[in-house]
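Contents: one structure, followed by commentary.
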Amino acid sequence: MILFYMMIFAFVGAFLIYFAGKSFPRIKEILAVVISFLLFLFVALLYGKDFQINYHNFLGFHLFLRINMFSWLFALTITFLGFLSIIFSLSYMKDKKNNAFYYMNMLFVNIAMLGIVLAGDLISFFIFWEIMSWSTFLLISYKKGSALPASMKYIIMSIIGSLSMLIGILYLYDLTDTTIISQLSHIIRFINKGDVIFVVILFSIAFGIKNAVIPFHNWLPPAHSEAPSPFSAILSGILIKMGVYGFLLLFYVIIGLDIIFHLTGLTIVLNVLAAITIIFPTFLAILQNDAKRLLAWSTVAQAGYIFMGITYGTELSVAGGIFHFLNHAIFKALMFLAVGAIEYRTKGIRDLNSLGGFIKKMPFTFAAMLIGAMGLIGLPLTNGFVSKWLIYKTLILNGSPFLAFAALIGTWGTILYSYKLIHNIFLGQLPAKFENIQKAPFSMKMPMMILSTIIIFFGILPGIPLQFINKIIVSFGYHPLNVSLFGIVSDSGNLNIINILAATFVIGVLIVLFFRSGRKSVRVDQYDNYAAGSFIPKEKYSYTNSFYAPLDRFLNSFLKDYIDIFYCKSAALIRHFCNGIRKIYTGYVGSYVMYILLFLAVLIFVQLNWSVF
Amino acid sequence: MNILLMILSAIISLVTGMFFLGLARKIMAMIHWRYGPPIYQPLIDVIRYFHQRAVSHGFIFDLGIIISLIGSLLVVFFLPLGNISSFSNSGGLLVILYILILSPLGLALSSGESANPNASIGISRKLILTLSYEFVLIIILLSLMSQYQTISLQEIVMLQARKVWSFASWKLILPGIAYLLILPAMLGFRPFEIAGASQEISAGPSVEFGGKYLALNTINHGLLHFITIALFVNLFLGGGDLFGIFDSISGTFWGSFVSLIIFLIKMILIFVISVFINAVFPRLRLEQATKYILYYPLSIAIVGLIIVVAIN
Amino acid sequence: MDRNQIGKWLRSPQKMSNKYSLHAVYFCTGCGIIEIPPSITTRWDAERFGIIPAPNPRQANLFLITGYVSLKTLKAIIRTYEQMLEPKYTVGFGSCPINGGMYWDSYNTIKKLDKYIPIDGWIAGCMPRPEAIFVAVTHLWTLIEKDMATGYIKYRKNYKQYRANQEKIYGSLDWPPLYK
Amino acid sequence: MKEITYINPVLLIAVPLALAFIIPILKFVWEKSIKWIPVAGFLFDLIVSITLIPIVLQKNIIVKIGGTTTPFSINLVVGPAGLLLSIMISLAGFLVAIYALKYIQEGDKTKYHILFMLLLTGAIGVVLTGDIFNLFVFFEVLCISSYALVGYLGNRAGIESSIKYLIQGSIGSSLLLVGIGLIYGQYGTLNMADLAAQIKTADSISLFVPMFFMITGLGIEAAIFPLNSWLPDAHSSAPSSISAVLSGIAIEVGLYAMMRILFTIFAAESFMGFLLFLGVITLLIGEMSAFSQNNIKRMLAYSSIGQIGLIVFAFSIATASGLSGGFFQMISHTLNKALLFLATGFMIYRTGSMEISSFRGLGKKMPLTALFFTIGTFSIIGLPPFVGFASKFLIFKAALAKQELLFIILIAVIILTTVIEGAYFFRIIQTLYFKESDDKSSKQESAITALIPMFIFALLILILGIYPNWIMKFIHSAASELLNKMSYLRSVLG
Amino acid sequence: MKKLKDKIEDLFDNVIINDFYQNRIFVKTNKESVVSLLNYLKELGYDHLALVSCVDHVEENEFELVYILSAYIHNEHENQEKTNIIIKTRISREKAKFTSIINLFENAEPYEREIFELFGVDFVGHPRLKPLFLEINYETPPFRKDFDTRKFVDDFFANIPIIEEIEDEK
C-alpha cells in the first residue's frame, strides 16, 4: 500500500501548495521542491521491486497499482525530470503573478504521469491519463494570449484520444471480462484477430495523439511554444513519452509478442507512419524562426524515431526505442531549459532572427545547449549515438533500407536545425540591445549541469542504462542483448565506445599540443572583423534571419502542413453545422406545437401501417 | 599493435592529404599551361601559417577547429587502408557516417563564433550542400550494406577481395556512378565549391581563420580529401587488392605494404580525375547545385538501391 | 636557389616558409592592379614563387599597394593592414605611393605613403611590369633573409606616431587603436 | 419478520403541502420567517426519506388513504426507485431553498415560496404515486407551478417564455388526460399494478393509442427531442434558482414517470429501440445547439437537453446495468446542473449580463464560485475524479455489454457529442480564468448562503465520483424494481 | 527642330537660342526661368536629365550651371536622331544659391550634391545635401579656380611628420 499512500501524499501536497501559496508565498517553492524530491527518492528506492496492490474498488472494478522494471524506468525519468524542471522554474517563475497555480498544476502533471506508469489495470490507467490531460490543458493556457487556441486544440484532441481509449478498454472488458493488465495477456490469446485489431486501432488513436505521430501531430508545435519553458521541458521530455509507454504496454505486455506481429499489415502501416513522422517534421523544423517551435517540431521528429524503434519488433529495435526515449527525455528537456534561460534573460524574446552572440554573455547556457544538440544529433560519445545506432542496425540488417534511409536523413536534418538554433542564438554578432545580459541564475544552471553530465555519462558508458533495458526486454519476451559496459557485442558488427573514446582522447591531446605549439593568438572582439576594408556597423551586421533561405525556397512548396489545414476546415464545418441545427428552435410557439402533433401523428401512423412497436 | 597501426594510418593520411593538395595545385597549374608551385607547397604554407600570430574570437573559435580536425582524424582510424585497419571492427559504416558529422560541425561552430556574415553565409551554404549530397550518400551506403548484409566496412572489403569489385559487379554499378557524380561536391571542388567560394564570400567559413587556425583548416581540408576518396576506393574498388594477383603474399608485412601501395595508387587515380573536373567547371549557384544533386545522382542511387533490394 | 636546401629549412623554417609562401592580399587600390592578373596567370606565373592571391587579409602576409593612394582608399588600406597577421610585408608598387608620383600636387592623393603605414619595399616605375614584381619579391626574400623586412615591428613600436598621422588626416578614425 | 414501525410516507407529500398553505397566514404574523419555511419543509422530507431507505430495500411500502372506491383513493407505492428520486428532489429542494434565501430579493417573495413548495411537492407526488390518475394530478401541480415560476421575474422575456411553456405544457397534460381516460375506459381501474396485471399482451391497437398519448404528454415535460422546444426559453429566462430546480428535478421526474409507464404498465420492448434513437438524436441536437451559444443560461439549458438524451439512451438499453446507469446519470445530472445554475446565478448577478464574454477574469474576482463552476463543468464532461465520469462510464459499459455493432456506432456518436460538449465548456473556463478583464474592481465573492449549497453540491460530486459504490446497491435495487414487472405486481397486489 | 526653337522663343522672353550643331540646341536664360523651362521641356517629352554641371567663371565672379536634357523615346520634335537641349544660366559666386530640381528630376540629387561639395553652390530644397566623395572638408571647395592646390598640398601634407625610429630602449 506504500504506492497508494505515496500518491495520496503527493496529491494532498499539491493542494497544500495552492492554498499555502495564498497565505504565505515563500512556502510554496520549498514545498514543491521537497515533494518532487521525495517522489524521486521514493521511486528510486523501489528499484527491483515487483508487486501489485489493489487500492480501490470503483463500480465493481478492482483498481491496482503495480511496479516492475518496465514501469520503474519510466517512473524514474518522470520524477527525475519533474524535480529538475521544478528547480528550474524557481527563478523562472519568481516574478510571475499566480505561480501557486503553476506549481500545483506542475505537480498534478507529474503525479498523473507517475500514476499512468504505475497503473496496474486499464481503468486506473485511464483515470490518471484524463487527470494528466486536463492539468496539462490548464498549464498550457497559463500564459494567456495566444496560448488559448493552442491549449484548446490540445484538449480537444486529447479528449478524442482518451474517449476512444475508454471504448477500447470497455470493449476489451466485454471480451475478456477483466481489466487487470497481468491477467489480460493470458486471455488475449483466445480472442479472434478482428477484435484484437479493433482494440489496437482504438488504443493507438489515443497513444498516437499523445505521441504526436503524423496524422495527429498538429497540436504539438503550438502547445509547446506557448507553454512556459520549464513545463514545455516536461511536456516534450516525458509527456510525449506517455504515448510511447502506452504503445509498449499495448504491444508487448497486453497483446504479447507473438500475436502483435502476425496481425496482417499492422507493423507495415506503423513503420511507414514512423518514417513520415521522422522526415516531414524535421524539414519543417529547419524552416522555423521561433526557438521553441523549432524544438517542438524536433520533438515530433524524435518521437518518430522512438515510434519506429518500438513498432519494428526486433529486440535491438525495441531496446533502441526505449533507450532513445530515455535519451530524448534528457537532451530535449536540457535544450528547452536552455531556451527558457535565454527567454528569462531577454524578457521573452526568442525569435531566432533577432538574437545572436549570446556566447559572450551566457557561456554556461551555451555549453548546455551544445551538449544537448550533440546528444540530439547523436554524435559519438553522447547517449543519442548509441540508441540511434541500435535502431539503424536493425533497420539495415533486417532488410528495410528505405526506413533506414528516412531515419538517416532525419539525422542530417537534425544537424541543420540544431546548428541553426545554436548559431542564431549564441554565435554571430551580439546586437547592441543585449549588451548588459547577465549569466543564467544558479537555480537554472544546476539542472542544466546535471542533465549535460548525464548525456555524456550515458554516452560513454551505455552499458549501465542498457542493463535496465535488457531486463525490460526480457519481461517482454525477447532474449537479452549481451551488453558490455562500453557497448554491445554481437556477431553482425559490434559497437564499443571504448576505442572511440580512447582514439578521440589520444588525437585530441595530440592536436591540442600541436595547436598550443603555434604562437599565442590575440583575443579580439566582434567589431575587429574583415569587412572588405570598411568598419563594422554597430546595429545589425549579422546574417541570421532566414538562415537557410535557399533550402526554404526549395522545400517550401512541399512542406505546407496539409493535415493541420484539414483539421481546421473540418472544425469550421462542424461549427457551421451546429449553427444550422440551432435553427430548429425557431422561436414561434406555432412551430413548437406543430412539432408535438407531428410527433404523435407519425407514431400512430407508423404503428397502424407496419405495427412496428 | 593497435597503437602502432593507429600512428601509421595517421601519418599515411596526413602525408597523402597534403600531397593531394599539392598535387591538385600542380595539376591545375599544368592545365593552365604554367609551372605551378612545387608539390610540397602546402607544407610550406602550413609552416608559414604556423609562425603567424593568429587572431582568435573566443574559446569556441579555437575548440571548433580542433573538434573538426579530431573528427577527420578519427574517421581515418575507422577506414581500412589496404589491409591495415585499426578500429574498423567497432561499429562499421554507421560509426563512420556519424563521425563524418563531427568535422563540418566543428568548422561550423568556430566560423559561427567569428561573428562574420561571410562565415555564416558560407556555413549555411555548406550545410545545405552537405544535406543534399547526404541524401545520395546514404542511399549508396544502404544499397552496399543491404547487398553484403553487414554494416562493417572491413567485411565489405574482404568480400570484394574474394569476389569481384563492387564497381564491376553489375548490381552495384549504379551506386558507384552516383558516388562519382557527387564526389566533386564531397571534395568541395569547382562545380560545387559553393561553401568556400573565395571571391563571393571571401573563403566562406574560413574568413577569420588566421595563422594556426588556417594551418589546422588546411590539414583538415587535405584529410577530408583523403577520407572521401579512401571511402570510395574501399567501397567500390576493393581496397588494397588488385584482382587477387598478390594473394600469395597477403599475410606477411610485404603483403600489407603492397596492398597499401595499390590502395594509394587507386586513390591518386580517382583524385586526378576529380581535379580535372575541378579545373574545367565554373562554380554553380546553390539552388542549381541542390537541384542537380537531388535529380540525377539521387535517381541513379535510388534505382541502384531498388535493384539491390529486389535481387536478394 | 636555396629553396630546396634542407639544412636551411631545418635551421630557420620560419624564415624559409615566410620567403616561399607569400600570399598577397587581393585588394586593388589604384591603377596598378592591372598588373597583378597577368603576373599570377599563365605567362608570368607568380605561383612558382609561392605567391597566390589570398581572399582576405587574415590569410595573407604580403600587401601590394598598387598605384596612387587617394584619401578614401587610405582608410581601407590602414584597416586591411591592421587586420593582417603579424609577420606581414608591404610593397609599394609604382611611383605614386613613393612621393605622390604624377599626382604630386593633387589635394586628394597621399604623397608619402610611408608616413601612414610602414612599407618594406618599393617598385619604381609608372606601373612596373610583372617581371619587376618578381624582382621585388626576390629582393624581399633577401630582406627577409637578413631580417631587414621589419615594417610590422616598426609599425608596432611607433604605433603612436602612425596613429597620430592617420588622425591628423581624418580627424577621428572609426575603429579603436590596434596597440594600446 | 417483525413489523417495523416507519413514518408514513404520505407525510412526505402532506407536510410540504401543509407548509405551503401556512405561508400566506404566516405573512401577516411574522414576515421574515417565510424564507425559512421551504428550507424546514424539505429538510424534514430529506430526513424522513433517508430513514425510509432500509425499509424500502426489503419491501415496497404500500399506503392506502382515502379508502373510497377505486378511482379516487390515493394509494402510494414507495419502492427504491421512487424513494431514490424523492431523496434527490428533497436534497436539491433543500439546497436551492437555502440558495434562494439571499438570491430572491425583488418581486412578491411569498408567491415565490408557495409556488416553490408546490412544485416540489408535485414532483415528490409524481414519484411516489402508484395510481396513474394521482400521477396526472401531481403532474398538473408540478407543471402549473413551474409555468408561474418561469414568469416570476416579470420581465418581457420571462412572460413570453412562460406563456410558450404554458401552451405546450397544457397540450401535454391534456394528451396525458386523454390517454388515462382511454385506459380507464377500457380496463376500469386506475391503479398501476392491477392495470399492468390486466394488460397481458401489448399488441392490440386499442392499447397503443393511449400509450402514445401518455408518452407524448409526459415526453413534453421530459424534454425529448421533438417535444422540448419550450425548454431553452423557459430555463434561460427563469430566475437561476428556479432553472436549477427545473432542469435538475422537473425534467427527471417527467422522464421517470414516462419510464414507469413504459416499463411497468405497458412493458413495450420494441418501443425501446425507437427510444434508443430518440435519445441519441436528443443528445446530438442538444449538444450541437449548445455549441454555438454565447448566452450562458441558454447554453446550460441546451446541455440539459443533451444530458436528458443520454439518460433516455441509458434507459432504453433496457438491461439492469443500463437502467442503473440511467439512474446514476440522473443523479449526477441533477447535482452538476444544479451546481452550474447556482454558480451562474451569482455570476450573472455580479456582472449584470448573461453573455459569456462578460465573464472575463471572474476567476480572480469570484474565486470560490468560479472554482465550483469548474468542478461542475469537469464533472458534466465526465473527467475522472468526479461523478460525471462514473455515470458516463456505467452507461458506456452497459451499452458495450450488448456486443452489437449498432451500439458501437451509437457510442461513437456519443463520443462526438462529448467532444463538442468539452469544446464549449472549456471555452467558458478559458474566459473565466485566462482572459484579462479591464475593470479592476476588487474581489466580491457571492453571498455566504449561496456558497454553502454550492459547496455541498461540489462535495457530493467529488465524494460520489471517488466512492460511487456506496449508492450503487441502492441504484441497482431501484433499477431491478423498475425492470421486472412481476415483483412490483406481487408487492402491490399481495 | 525649327518648331521647337520657335515654341521656346515665343513662350520665354529673355532666351538666346542657337542651334548651329545638327542635334544640339543651346539655350541661355536667366536663373528665374530655368525651372519653368525645364518643366515645359519635360512635358514636351524631354524627360531624361543627362547631366548637371557647373563652370567657374572667376573673372566675371559667376558660376554657370549647365543642364543637359534629352528624350528617352523618339518624339515628333526630332526628325532624325536624338537631340540634346543644353540649358545654361549664370548665378553669382558669393553665397552661390540655386533652387534644387529634385522634385522635377529625381536623378539630379548626386549631381547637385557634387556641385555643392566641390563648388559650394547651396541648392535650396535638396533633401540630403551632404558631401558625396571627399573624406575631409576643405575651407574653399577644391574645384573653385581660386583654390590653390599646391598651397593646400604644402601646408596640409607637409606638416605631417616623418616617422622617426624610436631606438628600442626597453
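Should a chain be cited, it is by its letter among A, B, C, D and E, assigned in written order, with residues numbered from 1 in that chain.
Quick note on the criterion: contacts are C-beta pairs under 8 Å (C-beta built on N, C-alpha and C of every residue); 3 or more make two chains touch, one makes a residue touch a chain.
Source: prediction; values computed, not measured.
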item	value
Chains touching both chain B and chain E	C
Partner chains that chain A and chain B have in common	C
Distance-maximising chain from chain E - centres being C-alpha averages	D
Farthest chain (mean CA position) relative to chain C	D
Top chain pair, ranked by number of contacting C-beta pairs	A-B
Whole-Å gap separating chain B and chain D, where each centre is the average of the chain's CA atoms	80
Rounded Å distance between chain B and chain C, as computed from the means of their C-alpha atoms	37
Mean-CA-position distance for chain C and chain A (Å)	60
Separation of mean Cα positions, chain D and chain A [Å, integer]	45
Residue list for chain A, restricted to those that touch at least two other chains	519, 528, 530, 532
Those chain pairs that satisfy the touch definition	A-B, A-C, A-D, B-C, C-E
Complex contacts: residues of chain A adjacent to chain C	519, 527-528, 530, 532-535
Interface residues, chain B side, partner chain C - complex	25, 29, 32-38, 41, 44-45, 47-48, 50-55, 198-199, 202-203, 206-211, 214
Residue numbers on chain B that touch chain A, as the complex places them	2, 6, 10, 50-60, 62, 66, 69-70, 73-74, 77, 87, 89-92, 94-95, 97-99, 101-102, 105, 108-109, 112-118, 120-121, 123-125, 127-128, 130-131, 134-135, 138-139, 142-143, 145-146, 149-152, 155, 202, 207-208, 210-213, 215-216, 286-287, 290-291, 305, 309
Footprint of chain C on chain E - complex, ascending	133-136, 138, 142, 147, 149-150, 152-153, 156-157, 160-166, 168
Complex contacts: residues of chain A adjacent to chain D	57-60, 126-127, 130-131, 134, 137-138, 141-142, 144, 147-148, 151-152, 155-156, 159-160, 163-164, 166-167, 170-171, 173-174, 574-575, 577-579, 581-582, 584-585, 587, 589, 591-593, 595-596, 598-600, 603-604, 607-608, 611-613
